[in-house]
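Common to both upcoming complexes is subunit A, partnered first by subunit B, then by subunit C.
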Partner chain A sequence: MISEIGLIFLILTFVISSFSFFNLLFVSKKNNHTFFDELKFSKLAFFFTIASFICLSYSFLVSDFSLNVISKNSNSQLPLIYKLTGVWGNHEGSILLWLLVMTFFGYLFSINSSASADFKNNVLRIQNTLCFLITSFILFTSNPFEKTFPPPIEGADLNPLLQDPGLAIHPPFLYLGYVGFSIIYSISVAALSEGVKNYFIAILKPWVFISWIFLTCGIGLGSWWAYYELGWGGFWFWDPVENASLLPWLTASALLHTIVIADKKNILVNWTILLSIVTFILSLLGTFLVRSGVLVSVHAFANDPTRGIYILALLASISFFGIFKYFNNTHRFNRPNISLISREGMISLNNIFMLSITFTILIGTIYPLFSSVLFNSKISVGAPFFNSILMPIMFPFVIGMILGPYIKWGKDDLILLLNRIKVLLIIFVLISLVVWYLSYKDPVLSIIFIILGCWIILSSVYEIFQFVQLKKKIPKKIFAQVLAHIGIGLLIIGATGSSILKQEKIQFQEIGESIKIKNFQIQFLGVTKIEGPNYISQTGNFLITENSKKLKILKPEKRFYNTGKQVTTEAAIHSTIFGDLYIAIGDAHENKSQWTTRIWFNPFTIWIWIGVFFLAVGGSFSFINSLSRKR
Partner chain B sequence: MKKKNKRLITIIVSFLLFSMGCFIIFINLRDNLIFFYSPSEIFEKEISSEKTIRVGGMVKEKSLNRKIKEINGINMEEISFVITDFEKEIIISYIGILPDLFREGQGVVVEGFIVNKGLFNANTVLAKHDENYMPPEIKDLESIKEKANDI
Partner chain C sequence: MKFLVLFSYLIFSDLKAIEPDEILDDYNLEKIAREIGKELRCLVCQNEDIQNSNADIAKDLRKVVRKKLTEGETKEQIIDFVHSKYGDFVLFKPPVRFDTLGLWLLPILFFFFLSLFFFRKR
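And now, the complex of A and B:
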């Protein structure tokens, strides 16, 4: 009964948003406010979608197995939280969540933005049209309310890999980021139709920041989840699915920088619009790659070709519409004269680097797909490709990142600049010597990257220090930039530590046997069998001793899920600021006294997560700043 | 006139830089492609033993073998199993923990180097992520298997 109501609400969303779609197609020039009030449509679409989503969630909670999705992705034995998070632990539900977020952003825009009523109407017409396209995709190819007959008595299980608190937070955050870019697309395309008046940049700004913050958190959370759940000892594998999320993040990061100059100097406005459109296109491309089943991944819930074709058609038409509007409405600004040694120049340089990285990752991600379609050859692109291209780009990129904030607007002189930051340069030499002294035995590449990371952090701290020295109040936007740059510095250090400096030991460990890694002694105490709510766990007990001081017992698990007959690995991690001790347990030998164990020492991994946190906090300062300026 | 020249130079320089970038990307891409082969293709084609490749097929029933081997003074478990495409077979040797979803009689993809035509040294055993999910490469093999069963 509830599920039918959910379906009705979904159809209502479809009907409401279809008005906007036809309005955009046929009546787009002159608005008729009395009938086509897009603000009302947005509100209604949001309320209908949320009602539909609540109905689906309720059906999941009460395990209504007459619904196809629930019978395939849930189970009455599931703990309550996974019944609820299971709503988006499958293709249909997750697309409904996607729609919910999209209508949510439309709703937020309708009640919050300072734009004129006319402009709002134009933006929401495009946003509602996007909602219409997604709703049609849900209704025609991925209806979560589809019935199965006869209803099974018990459902299959939620994929055990997804039975983790990570599922509760990673997808919603990621979607808030991905789909947040839809409103940026709508604002930009609407601005194009209006003939690009600059005031729209101020309207666009907060949405760029908020979406970027969520996407940053979403990617960070996903990476953290993979790190502790998969038991592979790494946090990033250059997997196509990971790359797909990184692409819009990179262009959005480029956008964060240009929108500042577009707002302040009124230059690169067209470029800002193009970046906004491209960012949303890349979000859609990511969705296509992940959801169409062309990629082998935990995210590919379904392998239904009609869905893939439908998403591809959506991607093509939305991209075409945006790009078409762009090329029909540009050349309205004078070409700016930007000197390289100026803040504008450095930000342009940042954009060139960001886009080169995006382009590289895009090629590496989609080339295998093209070649499998065109040449029928089965290939994959390995991590060495990404590392060999991106590592050299990192050097000039980081140098620009360090100098950029110290370079003046308009025109600056390199000699004067170096003179201004001579204290900082001396600090750089000192820290480099210290890092080199502490780690001269490590590979040269890792030393260089850690030094670069330290440089970024120190130069950012020095920026703040200058304000403190002059007893000036630190502006929010400087604070935001400093925090975000420190975040990148920490990320570089963390990523270098946990990739180049990683130590790994795989062995057959006898009960009682000790293994040494770094300063740690890891003694294997044995395996106990523990019963969980819907699984049986074989829990290894490892006594960790550091410099002959007993620290704690780590308990990596191997879980056998009863319903799906599936096994998952739960790694055990001991985190310190210098590195993570990471243990995963494998299979037992026939005599049950020896087990395969895999022990890693991942230096500085914790700084990756702290770096992501810094990025998010930095973004939040920008967000608050962009809000307060408006009023 | 001067302004026009300047713009022309900018366009030419950016075009050159862009093509150089593309060139570097594609050279690197070519060097880092990992090709996928079936056991039969390993026997048919000349494949360098220095290049990382992927091999995929079904894990033959009752072919999984574990033995303890001492390497650099550490006890390691050497795992070996046979991958088949129902025409040719290849022995895979691997040291490490098998992925959670590894099972005899199911599809698997391994990454590593060829030792000789019948033996492969795997660095990584790639797991499927889900009980019901099949990588496209293996899906092809599934249909072969069905055919084999029909006969």
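And now, the complex of A and C:
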């Protein structure tokens, strides 16, 4: 009963948003808004979608196995929290969440933006049209309310990998970021129709920041999950799915930088609009790549070709519409006249690097697909390719990032600049010597990257220091930039430590045996069998001693899920600011007196997540700043 | 009892990546083996290198790599051998060739195009 109501609400969303679609296509722009009141449509679409989403969530909570998705992706034994997060642990539900976020952003824009009522109407007409397209996709190819008959008594299980707090919570964050870019697209396209002015840039700004913050958190949570769940201490795998989320993040990060100069100096305004459109197109492309399954295996497409082709058609028409509007309304490419040694030059350089990285990852991700179609050759593109192209870019990128904030607008002189920051340069030399002295035995690459990370952090701190020295108030936007740059510095150090500098001990460890790694002694106390709500766990007990002081007992697990017969590893991690002690347990040998144990020391790993946190806080300062400026 | 041990081995054989008995005693050779392992794709996995995969074929390849290393072959020779046996799909970094030219050149061309767009004097 509840599920039928959910379906009715979804159809109502479809009907309401279809008005906007027809309005956009057939009704001339200069209509009066008495009937086509897009603000009202947005409100209604949001209300209907959230009602529909609540109905689906309720059906999941009460395990209504008459629904196809629930019988396939949930189970009555499942803990309550995973019954709920299971709503987006499958294709149909996650697309409904996608729609919910899209209507949510439309609604937020209708009540919050400082734009004129006329402009709001134009923006929301596009936003509601996007909602219409997604709703039609849900209803025609991915209906979560589809029934199965006869309803099974028990459902299959939610994929055990998804039964984890980190993974359960990260899709909503990712979607708030991904789909937040839809409103940026709508604002940009609407602005194009009226002739781009920087008045629109001010409207656009807060939405860019808020979506970027959510996407940053989403990617951070996802890689944190991969780190502790996949059981071997990696955090980024250049997996197509990860790449798909990174692409819009990179263009949005480029956008964060240009939107500042577009707003302030009225330069690169068209470019900013184009970036906004491209960012949403990349979000859609990511969804297409992930949802259609073309990348994981070409055959997944054949399993359900309608879905893949439908998303491809949506992607093509939304991209075409945006790009067409762009070229139709801007007079050729308005090339900027910018000198390299200036603030706007440095921001342009940032954009060149960011977009080149984006393009490289995009090509690397989709090239195997192309080459199999065009040349009939099966190739793989993975971490070694991305590293070999991206590593050389890192060095000039970071130098630009360090100098950028100290360079003046308009035109600056390199000699004068170096003279202005000579104290900072001396600090750089000193810190490099310290890092080199502490780690001269490590690989050269790691020393270089850790020094670069330290440079970024110190140059950012020095910016603040200059304000304090002159007893000037620190503007919010400076604070935002400094925090975000420190975040990147921390991220570089963390990533270097946990990839290049990690130490490992892999062995058959006997019960009672101690293994030494760094300053830690790890004594294996044995394995206990523990029954969880829907799994059985083999829990290893390891006594950790640091410099002959007993610290704690770490309990890595191996879980055997009852229903799906699947196994997951749960690593146990002891985090310190210098590095993580990371233990995973494998199999029993020799009549259970020996177990395979994998012990890693991952230096500085915690700084990756702290870096992501800094990025998010920095973004929040920009967000608050962009709101307060309007009033 | 023996049956139980075997049984437990069968269920619990969801091993992750490299096993203790595969690791070479020679630290430097093992290091090269790891470098090779990261360049080669596990043929039956979604996106894993042989170093971190638990599939049988990855395990076999790890053993081949280590055997050849102890016999004195170089990193390049071993990668060439695996490449000739399994084709391009096994390499995570595709060779530069006519059909992969786009992969290697397009990013560089894109970089120059953007640089020109921003900085060329009018």
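Quick note on the criterion: the second predicted complex is superposed on the first by the 606 of 631 C-alpha atoms of A that agree within 3 Å, B and C clash if a C-alpha of one lies under 4 Å from a C-alpha of the other, contacts with A are read in each partner's own complex, and residues count from 1 in each chain.
Assume a residue touches a chain if its C-beta (ideal position, glycine included) is under 8 Å from a C-beta of that chain, and two chains touch if they have at least 3 such contacts.
Keep in mind the model is a prediction, meaning the values are calculated, not measured.
Applying the stated contact rule after C-alpha superposition, one finds that A:Lys378 touches each of subunit B and subunit C.
By the document's definition of touching, neither partner reaches A:Asp118: not subunit B, not subunit C.
Within the superposed three-chain model, A:Phe370 lies in touch with subunit C and out of touch with subunit B [touch as defined at top].
Shared-chain residue A:Leu340: touches subunit C; no touch with subunit B.
When both complexes are overlaid on chain A, the residue A:Thr596 reaches subunit B and subunit C alike. Counted by residues of subunit A touched, the larger count belongs to C, out of subunit B and subunit C. Shared-chain residue A:Asn159: touches subunit B; no touch with subunit C. Residues 231, 296-297, 335, 356, 359-360, 363-364, 367, 377-382, 384-385, 388-389, 506-508, 558, 567, 569, 584, 586-587, 596, 598 of subunit A touch subunit B in one complex and subunit C in the other. By the touch rule above, subunit A contacts subunit C in their complex via residues 231-232, 234, 237-240, 296-297, 333, 335-340, 345, 348-349, 351-352, 355-356, 359-360, 363-364, 367, 370-371, 374-375, 377-385, 388-389, 506-508, 538, 558, 560, 567, 569, 584, 586-588, 591-592, 596, 598. Interface residues of subunit C, counted against subunit A in their complex, comprise 5, 8-9, 11-21, 23, 38-39, 41, 46-49, 52, 87-94, 99-100, 102-103, 106-107, 110-111, 114-115, 117-122. Those residues of subunit A lying in contact with subunit B across their complex are 159, 161, 231, 296-298, 300, 303, 335, 356, 359-360, 363-364, 367, 372, 377-382, 384-385, 388-389, 505-510, 558, 564-569, 584, 586-587, 589, 594, 596, 598. The touching residues of subunit B, when paired with subunit A in their complex, are 7, 21, 24-26, 28-29, 31-36, 52, 54, 66, 68, 74-77, 95-98, 100-101, 128-131, 133-137.
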